[in-house]
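Look at the two complexes coming up: chain A is in both, with chain B in one and chain C in the other.
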Partner chain A sequence: MANTYDWPSVEDRSIIGSRVSRLDGPDKSTGRAKYAYDRNPEGLLTGRLVVSPHANARIKKIDASGAEATKGVRGVVLIKDVGDEVQWVGDEIAAIAADTEELARDAVAKVKVEYEVLPHLVNDEDVKKAGNRVTPDQDDSAGDVAKALQDADVTHEGYYGVATITHCCLEPHGNTVLWEGEKDITVWASTQAVGRIGADLAKNLAADPSLPKISPSDVHVITPYMGGGFGSKFAIDSWGIAAAKLSRMTGRPVKIMLDRHEELKIAGGRPSWYGNVKVGAKKDGTLTAFESETWSTSGMGRGSKAQLPYVLTELKDTRIRHVTVATNTGPARAWRAPRHPQCAVITHCALTDLAAKLDMDPVAFFKKNADLTPRPDVYRAELDKAAELIDWAGKYHKPGAGSGHVRRGVGLSIHTWGGAPHDSQCRVTIEPDGAVTAELGSQDLGVGTWTVIAMVLAETVGLPLSQVKVNIGDSRYPPSGPSGGSTTVGGVSSSTRRAAVNAVEKLKEKVAADLGASSKDDIEAKGGQLRLKSNPKKAMTWAAACRKLGTETISEIGNQPDRDGGKLADQGVGGVQMADVSVDMETGIVTMNKMVAVQDCGLIIDLKTAESQVYGAMIMGICSALWEERVYDEISGAYLNADMEFYKLAGIGDIGELVVHMMTGVYDDRGVIGLGEPPAVSPMAAISNAVFNAIGVRVPTVPLTPDKVLAALEKKGGMA
Partner chain B sequence: MQAFEYASPSSVKEAVGLLSSSWGETDVLAGGTDLLSLLKERLHTPKRVVSLRNVSGLNGVSATQIGATATIDALTKSKGMPAALVQAAEGITSPQMRVMGTVGGELLQRPRCWYFRNGYGLLAKDSSGKALVPGGENQYHAILGNKGPAYFVSASSLAPALIALDATVTVVGPDGEEEISAEKLFRTPAGDNERENALKPNQILIAIKIPGGAVKSATYEVRQRQLMDWPLVGASVALKMNGGTVESARIVLGHVAPTPWRSSEAERALTGKSISEETAMAAAKAAVAGATPLSRNKHKVQLASVAVKRAILRAAG
Partner chain C sequence: MSSKKTTEEPPQTRQSNGFSRRTFIQGVGVGTGTAGALLTTEAEAAPAGGVVGPGPVPMTLKINGKSRSLEAEPRVTLLDALRNRLDMTGAKKVCDRATCGACTVIVDGQPVYSCTMLAIEAQGREIRTIESMSPNDPVPRNFVKHDAQQCGFCTPGFVMACQSFLENNPNPSQADVEAGLSGNICRCGTYVGLRMAALDAAKEVKGARRG
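Here is the complex of A and B:
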């Protein structure tokens, strides 16, 4: 008979839902954990990139002879060729491997590239300057928005926007690659996709007929730990391909990790989003119309559709237009909830301004319009909880109603995300000595994947966490999907649960006779024992049960999805965040006092790492709300702040108090739902709205830098 | 970084002898918090780096004299230091910078101008010689003394305080020791081959002297973050009081011009007055009356005036 799979009920859980510190924490904090950056195999060469200093140019000549002749240089590979165009500052042209990083850098300086410089555009906020670089993506209408705006009691028109930001992964992008023999390739990768890197590398190497034909399975990918990706680390990338070629050329391992400037220039940007919005409502606050005309840049890459109006998708009368502007800037990559944070700003800032025109408290306004969301009850409950936690009733005032040179304000935003489980396979083995191991070709981006798998496994086999083992981060384990789109926790927890159930059922069969069980279904694995449900005194320790295996090892697979395997995961969540800020009216400096996040995500496996996910998302969001933006010089095309000095992120003192409230227990029966993206959506909109509440005038675009705050105040007529 | 010869002399005289008389050939290394990044970015490619690590006697700290290689940390922990100087030093919030960075190095650090740091030179020109700052991303650039060709702002946070306190600096070169006012240490370069300070390439700054005397002093800097962050603007004031009246004032703005910017207008506006919100505001307005903001830094005029006002009120206590 097929096994059945479900999550244990609350009273039956000893580990799931508790607060467990991440199991890899001690290894990470002591440096025992080895990242791609830490891999230094015998004979290692270090590679550096030759990159374009121009925003747009055609390569007329590449002379690498000076580099090749440099002492300690072992190989040079071209990434681009004569006649190719470079399309942004930092675009990769060649890679050089040398005995040390310093020698490789010296050699980079000796590569002579001649360019025909071409015209460029690097800034997209002024869309009128974009000319033929504009591509339409969307013109979607529903109902009759013109009539709805005409019929509305109150309308509002505004301009809003969000600057392009980058990912700023703590561990930059890169790999250490060793090509041995004809086809034996090992890649120590900083990746979100252990299972995809082999195929990606094989496909790219196939373009070079001088190389042997590589299959994905020839590539052994190893990523037990990685230092953040946020959507930017799915591909092998030009530098990974170059490292493989250089290793092939030299017979030695080659490491190419981007430096911080390169990381900011070429390893990922989140598209900007700017636009004009018209909204209308009835006197009672019911939203009736939404019209937007927006634009964004993905560098030279393709655009995508706007998700507007954000969350309030049941609105009948809408018109959404969006275009993409091609700019000579570093290419866009997915950034934690692609499009959602930007569309939250465009929507919720406009709606907060509309609520002000209606003389309505934004909490009341959003509760009133919760029926326009797919989850009215979830949002109403979360709005109430967040309001309670931030003391909205005590802190909210009419926009700009304070006095003195420091003004305080509160603002809110709501968000959504899917978070469906990705495909995943897990192998659980039980050995005669009692060892229990789960193996998955998944990866932990730093979010707690190790810990979550161990918790599911331990709960299912009835052992303490310390007695189960998890192996992930290796392409030779059973395959799991890439970690993107908040899909990992649902995928790996489901496959692990099923594999562990399957393995335990096998063990039950082995001991059923010894326990005198009428059927193995009367046996449960709990508290380190196998025992009879009907008579718990009839028990056998886990170790004794496993000894019954003799020389046999139980090895069972669990899959996600599993058509007949019950529903362990789901998709679709809602969340609410509220911010409390202070604004210095004389300097325009915005300071965070407090932020509250209320979030549902179905059944939570590890409450502690779940909360950590939300803390991290709020911190990222605060950075992008207050400081982060790429600054390009229009004349030279240079990327001026590709460093940690003027590309500003928060320090611990800049964050204020953070409060996370997970809606535990309420939605457990939905199963596990991903959490990576949703809490990263709302901070910018919530903080912009809090600044609006504090100073009584909208700062149209994020980040909310002092120049913009002061300009908005001046437009309003000063501090009054 | 480009390979260089490393020298570690044990005396100032020996160190001076190791320096070239031309800019670009040699560099002096103290804490390295600026020089190392200049070397890594190949903005400086000296043939020789002369370390002051083994030169003894340069790191003493007292209320009236500070050795050039005393760390920012030692300065903030030293007793009896004028408030303006301590407050400026405390604005350098990075523990690493405070422990490694030296007072002399802080005064002589190169500008943070992002065109300079991206290889466009101190005067920020493209390959055709066109100045990039006036029509470019000048939000952090000068609002005073910015008629060109220099548009960067002086990077030092301690210099405005030291100039307000009427400090002098001691420099040693092949021709011996000389003492110059801290104010005169800084200059606006007029050409590509000039620097932003008055040192000769083979001179070393060895000490800072602060005159005694009772002054009320304070520094106020506007920053976006608590984390290590360059001030958007700053102001230091030192007031000699006669009862409740300002007998004389020295008011110096930081990060607003290619040099620390002493405002005689603000000083005049405050002299003979008692300190109040109104008189502080009047001096603050006078300080920026002559400001000539660039295309993207109008806000710095407001910030500079706020910094002056708050520094005056802070000094008054």
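Here is the complex of A and C:
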């Protein structure tokens, strides 16, 4: 039995590291893939929510009698009660299940709620207006920043920021729930956490003493496909609990998927980040001081510490202060690489402005200061590679040095992330007929998880991909952690490797005598055979080997502990991105010409889906850099663009040329490291810096919308 | 969608009866004219001389070459009829207001946002949905080959928009593809694969006029 699990060496890999098309692709591209939203079990009722029109109010009265009397209505449950406060527009009050979606909407309109309207705050940028809604989160000092700033040859002080954005998952949050008998609950969930939904639902149902006591294992969660989460889909949420209660009440399955405006109001929100930064450096470009005073909003929730100065964590003299502003906006949810994209803007925009004062090319400046990062060599190599791919030397000029009404510029940003493996169990079975199956209670968010598992399994048992089967997306399979923080690929590839190695070892025992092996360690599973390493001609086909099992099935568990990847998985990566933009000085419109991402993530299992992850992160980043922001009316507290017409996302023609360079081969010995978050960090900072290079003036906050670009130009004195 | 010129309507938002997203939005823009525009459209689709609804009425839709009968209120959209009455869930409901294209189907040879066409209005027309596509057809096959999909929720709409675009636009350039598919939105960021998939599928789509 292999005590130390490892990946096969480069020369022994035939599948790992190649470019494989995602196995879920054909079902998705022909509409056969069934999402939670697509489940229509017999007798289905459709539920809709009653939500608050006010940003802050106390509920004085709820009269649902009109809804209950509406034709086709089968059940109403209250999510809030009289006396409760609603704290943002869209806050959930009640859920109604009816025979059809149209009838449920009719019924929602008939619920009468009386409110005592309370004062609200929706503006998170103007911290001076926030009064007692400000809570300190952090005041961390290291060294003596005041002295370092005093001693610096060059200092820079600036204001930077990032607006709150929303996840806008295309499959909205929601579930189809069927509660049968006393305790038999099935949840078709749109979730990133198949293994957690049961416990979350059970805990929440326990608050209602009229319901039977539900254990997590009473809840069968099914999620073979899910339509986007990006960090926002880990919980059962009030609407999932309501769907379960309505199903219990009616004895029928109930589907509640959020309306688009609800999805944007209550189911996603990456915290904003604004603040003032002071930085100082020596004449030669060595960074010596970083001081920041920042604030952000997580809606009415708690904040978290700033990750500043971002990546350049070895800097000796720093002071970091951060506060949270409580606003009557939808609650915060994790978004790819929580805090990192915002802190990248705060840090790298300030440092790019400092480099300009030093009359220094940003590439030279960041290379000079790479020793302040935990991975100096990685960043220097990646800065060189990215500069080559975007032709930095040919395109860079002093900020604002161009002429004409369209100005071109380049900018850069660097980033990091952990990506350690989560805990994961995989069961691999080998049947006497040769069938090989891996089962994991994991989920594929569209990142290629399914495909990666199949590749590891096939590589380990020595069969082609078409001869192995993978089952995921079901809570009845061995548990895997939730898919958050880029932990999944390390977790599932390692547990699958372990289980498959264990299973193959069992099969070797069965055939050792027939192959005349001196030891089973002399047997390898390769090329569809079990054969002797010392004499490959002594071989049995996979099918013949499995026939030796008789009536027995090999069933082995691979157990990947949380965070500890051994030789199979690791954590901690670096990446560099560079952007090339054009800015129209008359309209303020920023256009993407090109963007380059250079990324390491250890051993890559599937290069094709890995690259797709990075392309996707860059495109999401372009969206947030140029267009995305929630717009609230300060007077009414209303959310003005909770739709896809005015909450702007990139279309296919808006992204320019994208280049992804994975540092394959260089860091393979580290094992597998997660990739979902890191490339999502840098785009905003890189694009903001490119705009600065183009027009010679900083547009202080992201998104870089035309009005802000023109305002920045006007402050500078027009386009001249 | 965001920074694009909006002076020209993307070709696939046109519907075969001349009722387009653009004219619809213009209708909305004139306030009381909205109701007028909608009622006219609905009335045209109703049986001659009769007023139908608001309760469920029988209808027959011709989908993927087969007649399908259902009962639905006149206010039910083609998308909701497909998904909720006929269990044809390939077309997705995302924005439900003609912005994102996830619900795209082909009606009389032209792409249509099925969230913005009433089912009753779709009677008598040739409706093609994603359920008519096989994994070996050029468009889905090239979506897989170029990984033009991640979570996959926008994918069926993109496949149908792409299929219709290629049938109507042989030998497109990348700029043509970007204009032709600008009525659909992907959140995961699959546009790089989508560009390649559309250009490669263009070489194979049957029915495309060869230039």
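What we mean here is this: the second predicted complex is superposed on the first by the 711 of 720 C-alpha atoms of A that agree within 3 Å, B and C clash if a C-alpha of one lies under 4 Å from a C-alpha of the other, contacts with A are read in each partner's own complex, and residues count from 1 in each chain.
Here is the rule we use: a contact is a pair of C-beta atoms (placed from the backbone, for glycine too) under 8 Å apart; a residue touches a chain by one contact, two chains touch by 3 or more.
On a predicted model such as this, the values are computed, not experimentally measured, just so you know.
Asks: Give one of first, second, both or neither to describe whether A:T135 is in contact with chain B, with chain C, with both, or with none.
Replies: The answer is neither, since A:T135 touches no partner chain.
Asks: Does chain B (first) or chain C (second) touch A:M620, or do both, or does neither?
Replies: In the superposition, A:M620 contacts chain C only.
Asks: Return first, second, both or neither, reflecting whether A:D106 touches chain B, chain C, both chains, or no partner chain.
Replies: first
Asks: Let me test your reading of the model: by the given contact rule, A:E634 touches which partner, first (chain B), second (chain C), both or neither?
Replies: After superposing on A, A:E634 lies in contact with chain B but is clear of chain C.
Asks: In the superposed model, does chain B or chain C contact more residues of chain A?
Replies: C
Asks: After the superposition on A, what does A:K34 contact: first (chain B), second (chain C), both or neither?
Replies: Touch status of A:K34: second partner only.
Asks: Tell me which partner A:G653 touches in the superposition: chain B (first), chain C (second), both or neither.
Replies: Both partners, chain B and chain C.
Asks: Does chain B (first) or chain C (second) touch A:E586, or do both, or does neither?
Replies: A:E586: touches chain B, not chain C.
Asks: By the touch definition at the top of the document, which applies to A:S65: first (chain B), second (chain C), both, or neither?
Replies: Neither partner.
Asks: Just to be sure I read the superposition right, which of the two partners does A:A711 touch: chain B = first, chain C = second, or both, or neither?
Replies: A:A711 contacts chain B only, not chain C.
Asks: What part of chain A is shared between its chain B contacts and its chain C contacts?
Replies: In chain A, residues 102, 589, 626-627, 643, 645, 648-654 are touched by chain B and also by chain C.
Asks: Touching chain B in the complex: which residues of chain A?
Replies: These residues of chain A touch chain B: 102, 105-106, 109, 586-589, 626-627, 631-636, 638, 640-641, 643, 645-646, 648-654, 705-707, 710-711.
Asks: Residue numbers of chain A touching chain C in their complex, please.
Replies: Touching chain C: residues 21-22, 24-26, 28-35, 37-38, 40, 46, 100-102, 168-172, 225-228, 230, 257, 259-260, 445-447, 589-591, 608-609, 611-613, 615-620, 623, 626-627, 643-645, 648-655, 658 of chain A.
Asks: Chain A touches which residues of chain B in the complex?
Replies: Against chain A, chain B makes touches at 1-3, 42, 93, 112, 114-115, 117-118, 120, 126, 130, 132, 135-137, 139-140, 222-230, 232, 296-299, 302-303, 306.
Asks: Can you name the residues of chain C that touch chain A in the complex?
Replies: 1-4, 73, 75-76, 80, 83-84, 87, 89-97, 99-100, 102, 129-131, 133-135, 139-141, 143-145, 147-156, 159, 175, 177-179, 181-182, 184-195
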